[in-house]
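Look for chain A in each of the two complexes below; its partner is chain B in the first and chain C in the second.
Moving on, here comes the complex of A and B:
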């Protein structure tokens, strides 16, 4: 086995070991289990976004739309229709997929700044709907007075409502499935066509790759997992918030991906961890915590364009 | 029947008539050169054939099918491949990966998220065959961006060949190269023509190369066809001498 490959396997093993044992050590480093759960949820959203920006080379500033649609889809279903967690998640994810499929078809011929601007615009439409449609979405106050439900699978009951640890493993299960699916897709012939588009779109076109269709598929995969992350986010909080549809939230996902390293599969996880931890601890010391994130971000982008993992890889 | 039939294509950019009702017919297995002074419309003509830009008028028929309205990818599926004046490869990927991608696409695997063992073997064998044939095998694990200009161009041509095309368009394949690299690329083109039986249309500035290799030569000047014929006829053509060749041949 090549040394590079065994390093990668060792890194993968370490990441999964840390994630699997998180409930046992998070207290010792001054954290708490909901914070660890939040990191995993945000890491899923950032990794989903990075499938598009890091591995297809298409920038989106509107992924909060699908994160939020997943969240509101799940929350509204559980609150008004059926108090069933898995069904709520399914509705949330399908809502995100349908919206992404339609919006994607409309914008997939755009590139660069035009694509990014239009994703912001579409995202803001959903934000204003959630913000204004008071009697259904709760408007500015968010969607409250509901909570995630324990899961009954016939032979087994999983109490994700009262046990924060059980809920963490529930989230980690979906995180692991999603990351495995994305990693699998990236290592396939289809995944290589996405790399081809990222590296040189003109060449990709003249290899017979219908570039717009492949970008649409990548966008769809990316938005699907962003939607799934959104359902987990509202389940974590027992609350859906219009801010999770706002373009600021989209920007935070981009920051997480870039901070950790867009070229690395684990980059967004590292970026999400740094972001959430800084947000949590620095914000308890100063209201201006965003300026610390901003400063850190500027330093990384200017001096280490491959992110935190890029630094480690060079070392 | 000819492989490529270009019928009276015209392309305007604003007030500039870049290509003015140009027709060209290329037979299977033919090596055709397109020459002309800078700004004669050669690259625009290539872009029209390959679907990079759409003509304002005229028709392009590839292998009996009208492809005038088709996207570049669909023209590739119909057997067309091209290279560019400025080499278009995947510079950060390795030589092996640069060839693996077109081999997989040509095998119809572009939407697959998994391959069977036999399919993977088929892809590897085809990529290895192309690497051996072109002499790129020794560089298989290196990033293409690290290679010499000539080797990068070889990679680009082999990526096009990996698609199993019937017609290959080469836009100034020896542009910016030294004597030795020019010779090597010329050898590669000759082998593509003879061993693979490919029809090749070539834009080239190196006149010695054109006169030695081409079956027929088309001369463009200010967007229109000035002459069309065997290399010897082109050299003898007074209009061509006046417009383009001038002292270079005399």
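Moving on, here comes the complex of A and C:
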């Protein structure tokens, strides 16, 4: 085995070990289980976004839309239709997929900065729907008075409602499943083609690759997992709020991906961890947290554009 | 009913004039430097607050004249210190940096001037209604539309007939050649950025007179300005202008029939334009 490959395996093993044992050590480092769960949820969303930004070379700045659609889909289903967690998640994810498929068809031939602008703008439609449709979505106050339900699988009952630790493993299960699916997709010929498009779209086109189709599929995969992360997010909070649809949220996903390292599969997890912990810390310390977060963005862009893992790789 | 529709069309025009002023500034910067300036709304807020702080000393008219210039100066400094490091890099980074800058400007305005809504009074001569029948035609509103129109006309005149305007237009087409011909493009970009921020500052002063002052005053205007650019077509300033007015009126008219959709309608309009004419109404082919 090449040394590089065994390093990689060791890193993977370490990441999973840390994630699996998180409930046992997070208290010791000054965190709490819900914060750890939030990190995993956000890392899923950022990894999903990075599938598009980092591995297809397409810049979306509107992923909060699908994160939020997943969330509201799940929340509304559980609140109004069926108090069933898994069903709510399914509805949320399907909602995100349908919206992504339609919007994707409209924008898939756009590139670069134009694509980014249009994704930002489209995201705002859903924000205003959630914001304005008071009697259903709760408007600005968010969708409350509902909560995630324990899961009955016939032979086993999983109490994700009362046990925060159980819920963490529930989230981690979906995180692992999603990351495995994305890693698998990236290793397949399809994923290699995405890298080819990222590196040189014109050449890929001359080779006969249906570029727009590939980008649309990559967009769809990315939005699907962003939607799934959104469902987990509202389940974590037992609450959906319009801010998770807002473009500011989209920007936060992008900074997580960049901060960790866009070219690395684990980058978004690292970025999400740093960002969430820092945000949590700064907003509890000072009311000027917006300035700090803003400054943080500027510093990263100017001095650490390759992200943490990018720097480690170079060193 | 006619009066109600007229009222909302006029309202839409005013809002559209704001969108157009904002979007023209964004468009200038985007066309020449390839930077989407998320912080544009923050600059607008600073324009408004500068006017608020200057008004006690120089009166409304003095503040109206000085605040946009001060804002442009701030924009010039920001370009020199931060924005210019982004040129030639992946557009992703310009989005992120100006996004962070937007946070800092908004929070900065809050720290300096507080988060409560501050009143910004316009002279009495502008405040009376011009017509008893059409109560909504106050002097200030008509003045705003007139001033916005004059500003836009002046902008187009500068771009059309002055040397620096010509250089900006040439730079949009082919910056490298302009540079090779001996034009200092660093300075050109600074001036162009400051010009864009000037428009934001002016929009800020005008908005302050209508809406009152809040650190978040620019937030509701920035997204529609993006939409105005997309609808008008990337790379076309007249397109941006038309796009701004169009979505302003569209949201004004929607207010009559379906008020809760007045914000969402502009995004639906954008989707329609992208469906029928992906490059935007006035966009050049291939510039998508």
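Definition applied: the second predicted complex is superposed on the first by the 302 of 315 C-alpha atoms of A that agree within 3 Å, B and C clash if a C-alpha of one lies under 4 Å from a C-alpha of the other, contacts with A are read in each partner's own complex, and residues count from 1 in each chain.
Everything that follows uses one rule, which is that a residue touches a chain if its C-beta (ideal position, glycine included) is under 8 Å from a C-beta of that chain, and two chains touch if they have at least 3 such contacts.
Just so you know, these numbers come straight off a predicted model, no measurement behind them.
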Chain C versus chain B, contacts on chain A by residue: C
Chain B versus chain C as contact partner of A:275, first or second or both or neither: neither
Touching partner for A:110 - first (chain B), second (chain C), both, neither: second
First (chain B), second (chain C), both or neither touched by A:207: first
Which of chain B and chain C A:175 touches, first, second, both or neither: neither
Chain B versus chain C as contact partner of A:193, first or second or both or neither: first
Partner chain(s) touched by A:185 [first = chain B, second = chain C, both, neither]: first
Which of chain B and chain C A:133 touches, first, second, both or neither: second
Of chain B, residues touching chain A in the complex: 50, 71-74, 76-77, 81-82, 84, 88-93, 97, 100-102, 104-106, 109-115, 156, 159-160, 163
Complex contact set, residues of chain C against chain A: 30, 34, 36, 38, 82, 85-86, 89-93, 95-97, 99-104, 106-108, 110-111, 223, 226-227, 229-230, 234, 260-261, 263-264, 267-268, 270-271, 274-275, 278, 288
Residues of chain A that touch chain C when the two form their complex: 53, 59, 61, 106-107, 109-114, 116-118, 120-122, 124-125, 128-129, 132-133, 247, 251, 254-255, 258, 288, 290-291, 293-298, 300-302, 305
In the complex with chain B, residue positions of chain A that touch it: 184-185, 188-193, 195-196, 199-200, 202-203, 205-211, 214, 217
